[in-house]
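Residue numbering begins at 1 within each chain, and the chains themselves are lettered A, B, C, D, E and F in the order written.
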Amino acid sequence: MCRVYMPEPLPSTGVPLRTDGRLPGQLRPLRFQNHIAPYATGSTLVEWGNTRVICGVTVEESVPRWMKEQNVIGGWITAEYSMLPYSTLQRKQRDISKGKIDGRSQEIQRLIGRAMRAAIDLEKIGSRTIWVDCDVLQADGGTRTAAITGAYVALSLAVRKLMSEGKLKESPMLHAVAAVSVGVVNRQPLLDLCYVEDAAAAVDLNLVMNSVGEFIELQGTGEEATFSETELAALLALGKAGVKELLAAQQAALA
Amino acid sequence: MCRVYMPEPLPSTGVPLRTDGRLPGQLRPLRFQNHIAPYATGSTLVEWGNTRVICGVTVEESVPRWMKEQNVIGGWITAEYSMLPYSTLQRKQRDISKGKIDGRSQEIQRLIGRAMRAAIDLEKIGSRTIWVDCDVLQADGGTRTAAITGAYVALSLAVRKLMSEGKLKESPMLHAVAAVSVGVVNRQPLLDLCYVEDAAAAVDLNLVMNSVGEFIELQGTGEEATFSETELAALLALGKAGVKELLAAQQAALA
Amino acid sequence: MCRVYMPEPLPSTGVPLRTDGRLPGQLRPLRFQNHIAPYATGSTLVEWGNTRVICGVTVEESVPRWMKEQNVIGGWITAEYSMLPYSTLQRKQRDISKGKIDGRSQEIQRLIGRAMRAAIDLEKIGSRTIWVDCDVLQADGGTRTAAITGAYVALSLAVRKLMSEGKLKESPMLHAVAAVSVGVVNRQPLLDLCYVEDAAAAVDLNLVMNSVGEFIELQGTGEEATFSETELAALLALGKAGVKELLAAQQAALA
Amino acid sequence: MCRVYMPEPLPSTGVPLRTDGRLPGQLRPLRFQNHIAPYATGSTLVEWGNTRVICGVTVEESVPRWMKEQNVIGGWITAEYSMLPYSTLQRKQRDISKGKIDGRSQEIQRLIGRAMRAAIDLEKIGSRTIWVDCDVLQADGGTRTAAITGAYVALSLAVRKLMSEGKLKESPMLHAVAAVSVGVVNRQPLLDLCYVEDAAAAVDLNLVMNSVGEFIELQGTGEEATFSETELAALLALGKAGVKELLAAQQAALA
Amino acid sequence: MCRVYMPEPLPSTGVPLRTDGRLPGQLRPLRFQNHIAPYATGSTLVEWGNTRVICGVTVEESVPRWMKEQNVIGGWITAEYSMLPYSTLQRKQRDISKGKIDGRSQEIQRLIGRAMRAAIDLEKIGSRTIWVDCDVLQADGGTRTAAITGAYVALSLAVRKLMSEGKLKESPMLHAVAAVSVGVVNRQPLLDLCYVEDAAAAVDLNLVMNSVGEFIELQGTGEEATFSETELAALLALGKAGVKELLAAQQAALA
Amino acid sequence: MCRVYMPEPLPSTGVPLRTDGRLPGQLRPLRFQNHIAPYATGSTLVEWGNTRVICGVTVEESVPRWMKEQNVIGGWITAEYSMLPYSTLQRKQRDISKGKIDGRSQEIQRLIGRAMRAAIDLEKIGSRTIWVDCDVLQADGGTRTAAITGAYVALSLAVRKLMSEGKLKESPMLHAVAAVSVGVVNRQPLLDLCYVEDAAAAVDLNLVMNSVGEFIELQGTGEEATFSETELAALLALGKAGVKELLAAQQAALA
């Protein structure tokens, strides 16, 4: 886990170091462990700093009822997100024990779903539903961006498998998709917040972008505070640079 | 209801008119009918084009358990959002009949809650929970922005009542808060999308801002597509202008 | 809101006045605001004293499964009743937050459904389900009778619309239907109880009648007490007179 | 089970006999088998024609939260009603399998609760909750009236036990309570409808009365039809006579 | 109810008697009251010592969806188990009030289902679902074994009825099935534990066997303790002898 | 995944090999990857053939309400078991999507809980609740035995951590606990069934034992068939040998 953030200027450069020694625009180390769940069509375990998310992609040979009723051509991608009970320092109760799905989880899984649908040509996947499940194994900030970044890898692996099995003739993949968080802590814009930074952030912005530099989603919140246009511009710049690195890491994991 | 969007250039100006005759940067007519629910501490019915939302604010003289357990000073604001069954052309089933809260509704009510918490100094409201309930009576696009814009009015009315009753000595209100949607339809940035425009939009951005020009929330989605930085800049400009008008309308309604 | 009931004999007549100045057999003022929810097929806002109920009627082009399975000719009418959270002086939690529908609400919505099914020839509405939704905006006693009385107006408006659209060739409407409460407070029979009277009543009787003077429903309860046949007779007389006035008000609203 | 109703005039009297040979004002045979559930504080199995209901009364040494919060003196009685899956010719799914309590069951259990609370002086039962559970073993019409009539017997047995154990010094019992249904079938008023009569009835009225001839509840419904004042009077007369017989049967069972 | 277990050696035999005077290998008295729920296809009330369970069997003329989808020939048997609220000395809340099925009940109903499916040739019952419902009326230990032993009787009665109605040409019944519990209390193996013995037992073993001496289910638990192979052998011997007596009692009840 | 079981006698030994080449009494390869979820107090990933289960142990500094109410000394251990959606070849829907916990999962988590409570002296863990969560990552038969065998390792790691932190002075661990399945396939007793063997098994027996050779749980089912005492004896012998190997593997993983 990240320790408490105490920014101190470095004597030589004047740039404050972060709690884990990173520079403001530096990502945490990122690693993909593919095929973590071999019965999934595609799966990976993303380890991003101390955040770990299992992404598993499975395929159902039918489409949701609304697609049938409306005669929509092609398939659908839907996502589910959940935190395993032992992913946080204080045990997180399962949704089923509370009898309802966590509001934050719902919000995140809807975001993952939209991001993945932007990565793929839904008409080309045939009359199928692709399920993208993201389960957090360890939560140290940035679980939604890790989920999206990992989900893209698992989705790519699943598509490869469908193609090798002859179920897809042509790749439905569009541009690659990755996500990162940026935030303002102690008036300084930072890339890729860990949990303690996130808790201390006055602004928190999640960016989902693709490999041609376009936005897919942009979610900025003042966390019960506010932010200016200048701050927004600085955050977008940091985030764009971060996404580029992530996209490269994904490509390496898929090579 | 708004009819299908068929932009045609005006002979004189070259600017295409929208389905309801508005210019690209023009808001739909906005009206507040305060005290629609007299037993609420504050309430208003926002009519914004064909979208109608009832906003009711009630006050509970206690705080959520987590605040007590963590000894947090002050109070809390929480929001609930729901669509009445007859608010859409096709009846919308109640959440209780489906046995679970709608995912989209949860996302929206969390957004309303964050927006209202940015409008008020929570320490100054005392050991109370303020409930902000938004029920959609007619849905023609922009229900979440109408809910936020109306909720601010209802909240202001409720605070006034608490002050007149001596329950609050000092106003906890910070800056006024309003929200608007902007989007790109047929490659043209438009302010305040009605339902048919929203359904046709390639980009949809919701802006929550305050009266000193700061952002509270920024939620942009490519709706399974993408958008560029240039489009983002154009949308932010349109949105900021729209929010200014909304803030003025709120002040008039509260005068 | 009605103040506490302190019946004092009028010097001239000896008849005690009620808390809001009404005579024992006098209704509270009644007003219908039609088309409150324009996307509904028919809608009205009933304001009856301080009680306000939104009645929205929507139409679904199919029938419940049990009708299909049993090959029943015609359509169905079903009702739902709910209290908006800000309709009471102390906020009323939504059913979905408690995870189950309120027992009292269920009882009332079943009553509304039966009343509306008695107002219409179900065989003549075709293979459709008519949904009657009643949402209480302000609750000051008599919400179920207001819901029924308003639901009849909304239903009539909806039928008119279906006829004007050519979906119905012939009117399915039978006799008009209205409902009122009567009760015994301080040993005196009273028409149309407001909340404080209802809370103080030893007997509470709800009458649903039609425009040819027949009963549709009769629900009398001693509220954990009892009542005699004599009291029953007096209450029925008061109630019948009240329903007549209500039926006239409905006709005016539909003119 | 009752067979299909085919009223034929008796040669001598001109009075049509009912499907099971009863006269219009005749009750079905009634039998109580007390102590059917020996771990209950009081219990009985009511067999009323082909309708069988288990009534079990248990006692909890605390009161509902709302009573504590409002400092109400005395205790509370609450009822639950349920149909066992094998009580009907076609299996009835359990509430827990559907995930929600049946609307009709809720309505009935609220009625049983009110009836029992009218039978007892709640202040005299001490700070206790008395649970009255009614489970239908066989359903041939009149389950709610059988439940109430049996619940009174089980409640009396429970009170006796509490007194014998010294938990109650003084009997809290007020007047005895019983319930019966009356209805109009083929234009003839009938007492105590069995299932096929109930299904064919144009009017259905449930009467809950006490041993001094007062009404506790009166629930009449036209079952999607209507009824006149004359019919109401005839039904009330039949019902009152029936309740008298039921009260006598209860006393015999408690002797 | 069984009183507290105080084993004392009999002067003459040295064998300790049990709380209710039984010898270690002695069953409690067993009695079947068939047709307790006449609308069921088959039913019985098992009274086994102070434990009473209603077993009702009903038949649905269709099979579960998974059987249709997998084109499985024949029918299915499924069981549900529930404790009536007044079956225990302290009232047991209904599942529907808690909103979820009790874990222990689920475990038991799955066990009953497997046991009944071993008693019958599923291919021979045709395209039907047989529902076996077991509701505990009084719980004094051994409710699951009483449920299984009674369910077999109710199932046999139901099959007889289906055959007499010509719905089954050939009996699908295989060998008879019964169940008993055995346990170690104060280091002594005992047959057929009542509640206080069960609560004091260091080992608890439930045996489901058929009439040719084969095992269908064997569930032994150290109840947070452990047991040796020697103890296991002694318990199996006691249990086998007990099941033989139960099978004889079933035959008598079905004669 | 295991392929279809086709036993063929080896020319030299006459012993048929299993689908994956194992001998009848041979376990699948077993591996523990400790600390898979670093925020848990103890965790391990068990890989047992193609079955993979994440076991995470967390500690809550309070006890369940029933322990407080009954003044029970010491702490409690409770378990939850769930299958991740991508753990099976066909996606497994989450419990929360179905709105209720899977019956089989409940049965298994109750079993894990009892097994872990037999491994530890509950009085020595202080006033704490230990949560044992088992989430299946890949399901190829034996998930419940893998969960128990892994849970013991995770629990031991958690206890070590509590001792190193000084929260426990003395180890509460009793004997080590492991579990294995045995079954009869094609009339041959086999140790440690993989999924295809399990699906083909006529008998399935799960054994939970400790390191001094005692039974904790014994669950044998004929899977809608039956088994004899001779088969039982052969299965117990195979199982006991298997558990010994598992206990050794656990010790190695904890060394």
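Criterion: contacts are C-beta pairs under 8 Å (C-beta built on N, C-alpha and C of every residue); 3 or more make two chains touch, one makes a residue touch a chain.
Here is each chain with its UniProt name: A, B, C, D, E, F = Ribonuclease PH.
All values reported here derive from a predicted model rather than from experimental measurement.
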item: Shortest path length from chain C to chain F (each step joins two touching chains); value: 3
item: Of all other chains, the one whose Cα centre sits farthest from chain C; value: F
item: When chain D is superposed on chain F by its C-alpha atoms, the rotation angle in degrees, nearest 5; value: 120
item: Approximate Å spacing (C-alpha centroids) for the pair chain E, chain F; value: 27
item: Centroid spacing, where centroids are CA-atom means, of chain D and chain E in whole angstrom; value: 33
item: Length of the line joining the C-alpha centres of chain A and chain E, rounded to whole Å; value: 52
item: Multi-chain contact sites of chain C, meaning residues that touch two or more partners; value: 99-101
item: Starting from chain E, with chain F taken as the next chain, the full ring order; value: E, F, A, B, C, D
item: Interface residues, chain E side, partner chain F - complex; value: 100-101, 103-104, 106-107, 109-110, 114, 117-118, 122, 205, 210, 213-229, 232, 236
item: Residues of chain B that touch chain C when the two form their complex; value: 1, 36-40, 43, 50, 52, 54, 56-60, 80, 82, 84-91, 94-97, 99-101, 131, 133, 135, 137-139
